[in-house]
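Can you keep this structure in mind? I'll have questions shortly.
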Amino acid sequence: MLHQLTVPEAFAGTIAMLLLLVQLSLFRSMVIAEFIRVYAIQAWLVAAICFGVGVTEGWAWDLLLLAVLTIVFKGTLLPRYMQGLVRNISSRVELPARINVLASLLLAGALIGLAVLTSIQLPLHQGAFLPQADLATALSMVFVGFLVAILRPNALAQVIAFLTLEDGLFFGTVTLAPGLPFIIGVLLLLDALVAVVVFGVLVRALVERHDAAGIAVFQRLRG
Amino acid sequence: MNAIIATAIAVPLVLAFVTLLVPSRIGRVCTAAGGLVTAGCILAAVVRTAAGAGPLDALSAVFLLPVAIVYGTVGLYGTWYVRVEAIGVDGDEAYRREFLALTNAFACAETVVPLLTNLAGMWVALEVTTIVAALLVRLQGTENALEAAWKYILIASCGLAIGLLGVVVMYAAGTGVLPAHYAPSWTAYMSVAGKLNQDAVRLAFMLALIGFGTKAGLAPMHTWLPDAHGAGPTPTSAMLSGVLLSDALYVIVRFAAIANAAAGSGLTLHLFFVVGLLSLFVGAFFLLQQRDLKRMLAYSSIEHMGLIACGLAFGARLAVTGALLHVINHAATKALAFFGAGRLAARFDTREISKISGGVAVLPASGTLFAFAGLALAGLPPFGLFRSELMVLSGGFDSGRWVVAAVVLGLLVTAFAGLMRWTTRVTVGSPPADMPCGERDVGAIASMFLAFAVVLGLGLFVPPPLRVLLTNAAAIFAGRQ
Amino acid sequence: MATLSPILVQAAQVLCLLLLSPLLTGCIARLEAIIQGRYGPSIFQVYRDILKLFRKQAIIPEPSSWIFRAAPFVACGCYATVATLIPVLTTYPLPGATYGDILGGAFVLALAGFATALAALDSGSQYAHIGSSRAVMVGVLVEPTLIFVFFSVAFITGTDLPYALNAALRHSAADVLRPAHVLAAAAFFMMLLVDTGRIPIESSSATIEFGMIDDARLFEHSGPWMALYKWGGSMKQFLLYTVFLNVLLLPMGLSSSGSVASVAFAIVSLFAKMLALGVVVAAIETTFAKLRLYKITEFIGTGLLVALIAIFAYVVGVG
Amino acid sequence: MIVLIAAFACYLVGTAAAIVLPGRAGRTAGFVFLGFGALATCDASIRQLGATPLAFGDANLHTVLYFDGTAAFFAGTIGVVAALVAIFGLGPATKDERGTGRTTSATANAIAFASLLCCCAGDVLFFVFAWELLALVFFWAIAYCGTDSDSATAAYLTIGITHVAGACLIGALLFLANAAHGFGVGPVVASGATLDAAVRGVLLLLLLIGFGAKFGLLPLQVWMPYGYRAAPSLVAALMAGGALNVGFYGVVRFIVGFPDPPVWFAVLAIVLGALSAFLGISWAVIQRDMRRLAAYSSVENGGVILAALGVAVAAKILHLDVLVGLGIAAAYAQILAHALAKSTLFLAISSISSACSTASIDRLGGLGRVMPVTTIAVLLCAMSLAALPPTAGFVAEWLVLESFMQAFRTGNVTFEVIFAVAGALIGITAGVAVVAVTKLLGAGLLGAPRSPQAAQARETRSPWRLTALAAGSSAIVGAGIFSSPILDRLGPAVASIARTGVMRAIVGTVPLVQPAFSGFSSISAPGLAAVIAGFTALFWVLSRLFARPPAARAAVWTSGERYRAWTQYSGTGYAHPTQVILNAKERIGLPFYRRMFAAILRISDLIRATQSGVIAAYLTYILVFTILLLALYPSIRHW
């Protein structure tokens, strides 16, 4: 029997699917600017769901504030900063991929399937905001994030992959544990910010040396 | 009491800013003093806790000790290191200041982890350590350093993301049982352990094991570890290996304690077996063939983390106590080993094992202590690691899992074969013809003797307060409070 | 009838060894010559050699130390000692007979060999070295064969003391004829050939050649030292014959009372038995050819095998 | 107990003093304390041989000392050897010691400490501690004390083999401790009775591997020739003569004392012991270096002793209490003889290598006249090792062979055959031992000097060294001459394991050693010594009576050529015929282990491929592991 959805749930579900779709588009993006754009879009979507949950939870001020902060930092500042990073590199450089787009998508599909299958088996839905889709979506986004980082051997692509992965977490946090105190949410945000800055330092160093953010050179340490 | 703990956190925090601003020759003395002060504060807090008067619980106290040991000695070691090893990207003085500041910041973050009760807070603190450590690792600016830093931060961040998912799931497990908007602290969970959603708790532990296991260097999430340990500055390697790994392990142990209390120990212990044996396996077989001195020590860390996980997995009181003691012993011994390796590498101007020989003859004090550290890491008496290893194994046989215990023993022997192979090559024999012999760097030698005192002392005798702490901590792990 | 005190009989045993052993060597040489159709030396030739050597001045090689000079005395002392341990003349134990059993006696003989080998090495002469090197090689193989022999004899008789062995065999003719015992005795005989330097191991009458073993060791010896070695060689042969005859093969004819007549008879009967054995040895010396150095291994190996089969015969119950 | 504690304290203080005090003072202080410790050890041991066991310590801390007759015997052998080494060490530092010899002195103390601790540990965890500590000290002695160029290999080999064996030991002991629900040595050994026959066998095998590595049981002997060569001979004396005995202690305590051993294990122990003895001595014969030769001779002795203890195990299965006692007594006699002979031999080698800067047999010679004390010491060691009367080794080897000769008493075809074959192997071992020691002494010390260094050699002028050599030599003869009273004194120690005293030393006019089976056999080392000496003197007098012109020295006869020392046989040449007929070759040596190790390295290469340097691979590991755990969760949640 089909589960009866409430309006907020339907809204959140839709956004969740959008998040996933947007993330999947990373597989076919060929230039770094597209990656950054994808990330910005995802930030807005995450903010939207945060907002939605905040409204449903009885206009919880912390979630609403978090949504705003997300838009400010993730949706605006971080993409700007990254575009600044990219400016030094020729943006026409095509990002390499280990396998072709179709195969990547098939793999991603398989991972999403796995995520859904496993999360359905996990009896864990009391008090959650999205009873069926929450964990499945979060896990799917984490898995796909991993897959992007694995399949795109480029430093910036990997950073973006990590950030989208973290978006998945953010989504999970908001839907699975909407009560998680506000300060934690803010810390998560700040953390992402600092992490990106540090990533940025490293990427810059890499670019200075090799004039590109490819990480094929990162194969010296082995054994 | 709280003032003591506050001091322990505040000193490195303040020093982190101070050392960035003052000349490095002052900064390094400040760091040395700060390290000792922090170590003293932590020790005082731990002793009080053991006496039953402290604000900490036994498990936190046990995991604070590595910070005290390593940060206390790293500062002293730094007085020599900062003077000699200044080959950074940003020019010598800038490099030195940056190094000191980051080291202090790193120490601060590492001190904070065991003191927090909030699981999410722990996650944040660990993430901070990742960031600081990544900066430290790339500080020398070489190609290898950059690569290692990149791998470290990417893998650790991705791993920690899964760890955060664990925290979130744990939070979900508590919703409904605990009040709305509750803080996800382990004290809260332990107090209502019986009522938590069992599956959620188990799942949270599983995700935490993967996530924080990444930072704890447990296989198969360990891949960043040898690179980071190998490429970073020596004191950083010591702090990474001695403290950071145990901090991450601490978080896992907290999750495990909750899981044990809420849902029984079956799954936790078996999963500890899986990662423990895998880590032992990886550590042992990688140790057999190594070319780089510090990388070798890194694999030894993986091996020891695996052993600790196995000790926890055996579940028997003796084994868990041994595993917790092993954490402390490992911190002290690994610090000593890295210090020695750093000294040797500086004198021979290389980290390649094949180019170093006669270490004992060249550096009578540090070389000898490095040899002792190697022997201790390999698990020989009269050093502390032998005692804790024997406790773990003995507990393993005691728990009736003698097949696993025998496998652990076999892997330890393999690791021994690897570790001793290189320790012997580096320290035994006669040095190259034109190599000057002898040493006079008081700070570095003092720091090594300090660490060695712990290594040897804990092998000969476990002070009664520590024994009380370990027993209590083992009880906490088992889910009893 | 006067009875001799045990001490006197013991002295007689040793004297017997000292005085009769050169005669035995002389007799066998003569027998051999007769078998080969030669006239041969007098049976007293060995005595003359020894006496002549004793009166000559000794020359000591320059590199040698005191070990070179002490060795022959120790070797002869060992031979004389063994005579006190084994039943040469009596069936009852004499004073000092319990100081060593068959194994003990074997170790005492080994000491004599050790001293000789060292003296050869100490001489600094490469020829002596060759002999010493080869002699110890042969010794390596003889030892286990003898041990096997002792084992099987001990299995059969339940004892390891020469006198007790003698008694046990005297009381049971069946034991003497057991396959295990016969085989063990055969093995011992083969080792006896080896140890006394007989063909097929070594030609005792040969002149200097590089195929030599025992005699090569004596290259640097002269005067009384040489005399002692000659004498010692005879004594060793006499001892081994005694063990073979009185302990293993023909335990009869010995004095059981200690009376003068019985002791005298024992001396005569022992010598007669030895001469009979000497005929066999001489025949072998004449009919066989000397083996190549490393072929000796095969000969001794055969002996080892025989002794081993003796043990198996006992263990599996046929013997 | 106070005396024993004092011994431990002396060794500890000795170690510390040698480390702390500078230069020669440290070395001397170390050896002074070693000497006092050795005296205290000997005193405590001799008093304890027959007395009621002493126990002392804290069971909760796993520091229990238990000192009974068995422990006392082994502690005593260590004490005696330590005393010899201490006296020798008071002389100047030898050439094969690094620097001022402070390290040597400290290490010697540490070896004495650790090996004494092994013998006195009353708790298995404590025992394991002491055991592994000894392994570490061995490593240290080999790695950092000597001046050998190959010490790295030697040290690694030593610690590697020892540790593999140690792991077997730890596994077996912890398993038994689990069965015993406690760690006391007595209950742990006794708990074997509650286990399956198969488990008992496996445990016994593990224990044998564990202890066997220490005394060079084949195929674990590989470290010994390298280790004893790399360590300073002074320390090697303590290792080979004293610390080695800890392995035998383990066998006596844990294997012979083990309840209900399976038959196959007894057979295995005897066969392995005999093979080890035979191969050990065959490989000793082909060595060029004195220290390596001595090491392989230790392998041989270890095999002989194990075989004798194997007799005790077999007799235990057959319930022949007297034979159990005989086997142990024979082993004890052999242990004592070996301890004295091997330590004195290494001290003599130390003296030789100091005088000639080499211990290669092929480059020595001509020492018999210039180094008389050393030569006599080597001579007596050689005689003892070759079991020649009247030395300690003679009595011991005789006892071992006697115990094998009791095969006919077993009434068991298997054991009769095994005893006979093992006895013969040990017999041939004794034969080859004569070759080995003749080579060592004859080719090594006698004849004309074979190298310029040897030609310039002089006896040491240090009174300490000479005293040590003289003391060692007299101990070798003394232990042979006084074998009856000594064995009498050891009776209670034997009885503590065997439930029966065995030796009947009939003290009449001359002390006699007679195994428990009356009328079987007897020897008397003093009797034989007296008779041989008497007859030797007689012959000497005879030659004096005849020989009128005194003996003269002359050049060696060389068919008219000028005499050249190098035309002499070298040690290698001397042993060559024996090598040919024995087909002796170190088959299970370093190359064998290198090949094995290479195979493991190939496996490690495969595993190392996982750390490929490719970050994507690393992320994949995490991803796959996560998915695996999550997917398996439903089936593992109730693990």
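Going in written order, the chains are labelled A, B, C and D, and every chain counts its residues from 1.
Here, a contact is a pair of C-beta atoms (placed from the backbone, for glycine too) under 8 Å apart; a residue touches a chain by one contact, two chains touch by 3 or more.
Not measured: the values here are computed from a predicted model.
Contact tally for A-B versus C-D: the pair with more C-beta pairs in contact is C-D. Put simply, the chain nearest the middle, going by average C-alpha positions, is D.
As a whole-number value, the distance joining the C-alpha centres of chain A and chain B reads 31 Å.
We define each chain's centre as the mean of its Cα atoms; on that basis chain B and chain C are separated by 76 Å. Once the centre of each chain is set as its mean CA position, chain C and chain D turn out to be 35 Å apart. For this pair, chain A with chain C, the centres built from the Cα atoms lie 99 Å apart.
Residue positions of chain A touching 2 or more other chains: 122, 139, 146, 149, 158, 215, 218, 220-221, 223.
Not a single residue in chain C touches at least two other chains.
The set of chain D residues touching two or more other chains comprises 608, 611, 615, 619, 622, 626, 630, 633.
Viewed as a network of touching protein chains, the structure does not reduce to a path, ring, star or complete graph.
Here chain B touches chain A in the complex through residues 118, 120-121, 124, 127-128, 130-131, 134-135, 138, 141, 143-144, 146-151, 153-154, 157-158, 161-162, 164-165, 168-169, 171-173, 175-176, 180-184, 197, 199-200, 203, 226-227, 230-231, 286, 289-291, going by the rule given at the top. Interface of chain D with chain C (complex): residues 365-366, 368-369, 372, 375, 379, 383, 386-389, 394, 397-398, 401-402, 404-405, 407-408, 413, 416-417, 420, 423-428, 430-432, 434-435, 438, 441-443, 446-449, 510, 512, 519-524, 527-528, 531-540, 542-543, 546-558, 563, 565, 567-569, 573-578, 580-582. Within the complex, the chain D residues that touch chain A are 608, 611-616, 619-620, 622-623, 626-627, 630-631, 633-634. Chain B makes touch with chain D in their complex at residues 150-151, 154-155, 158-159, 162, 199, 202-203, 206-207, 210, 214, 220-221, 223-224, 226, 266-267, 270-271, 281-282, 285-286, 288-289, 357, 360, 371, 375, 378-382, 386-387, 390, 393-394, 396-398, 400, 402, 405-406, 409-410, 412-414, 416-417, 420-421, 424-425, 427-430. Note for the complex: chain D touches chain B at residues 125, 128-130, 132-133, 135-136, 139, 143-144, 149, 151-152, 155-156, 159-160, 163-164, 167, 170-171, 174-175, 177-178, 600-601, 603-605, 607-608, 610-611, 615, 617-619, 621-622, 625-626, 629-630, 633, 636-639.
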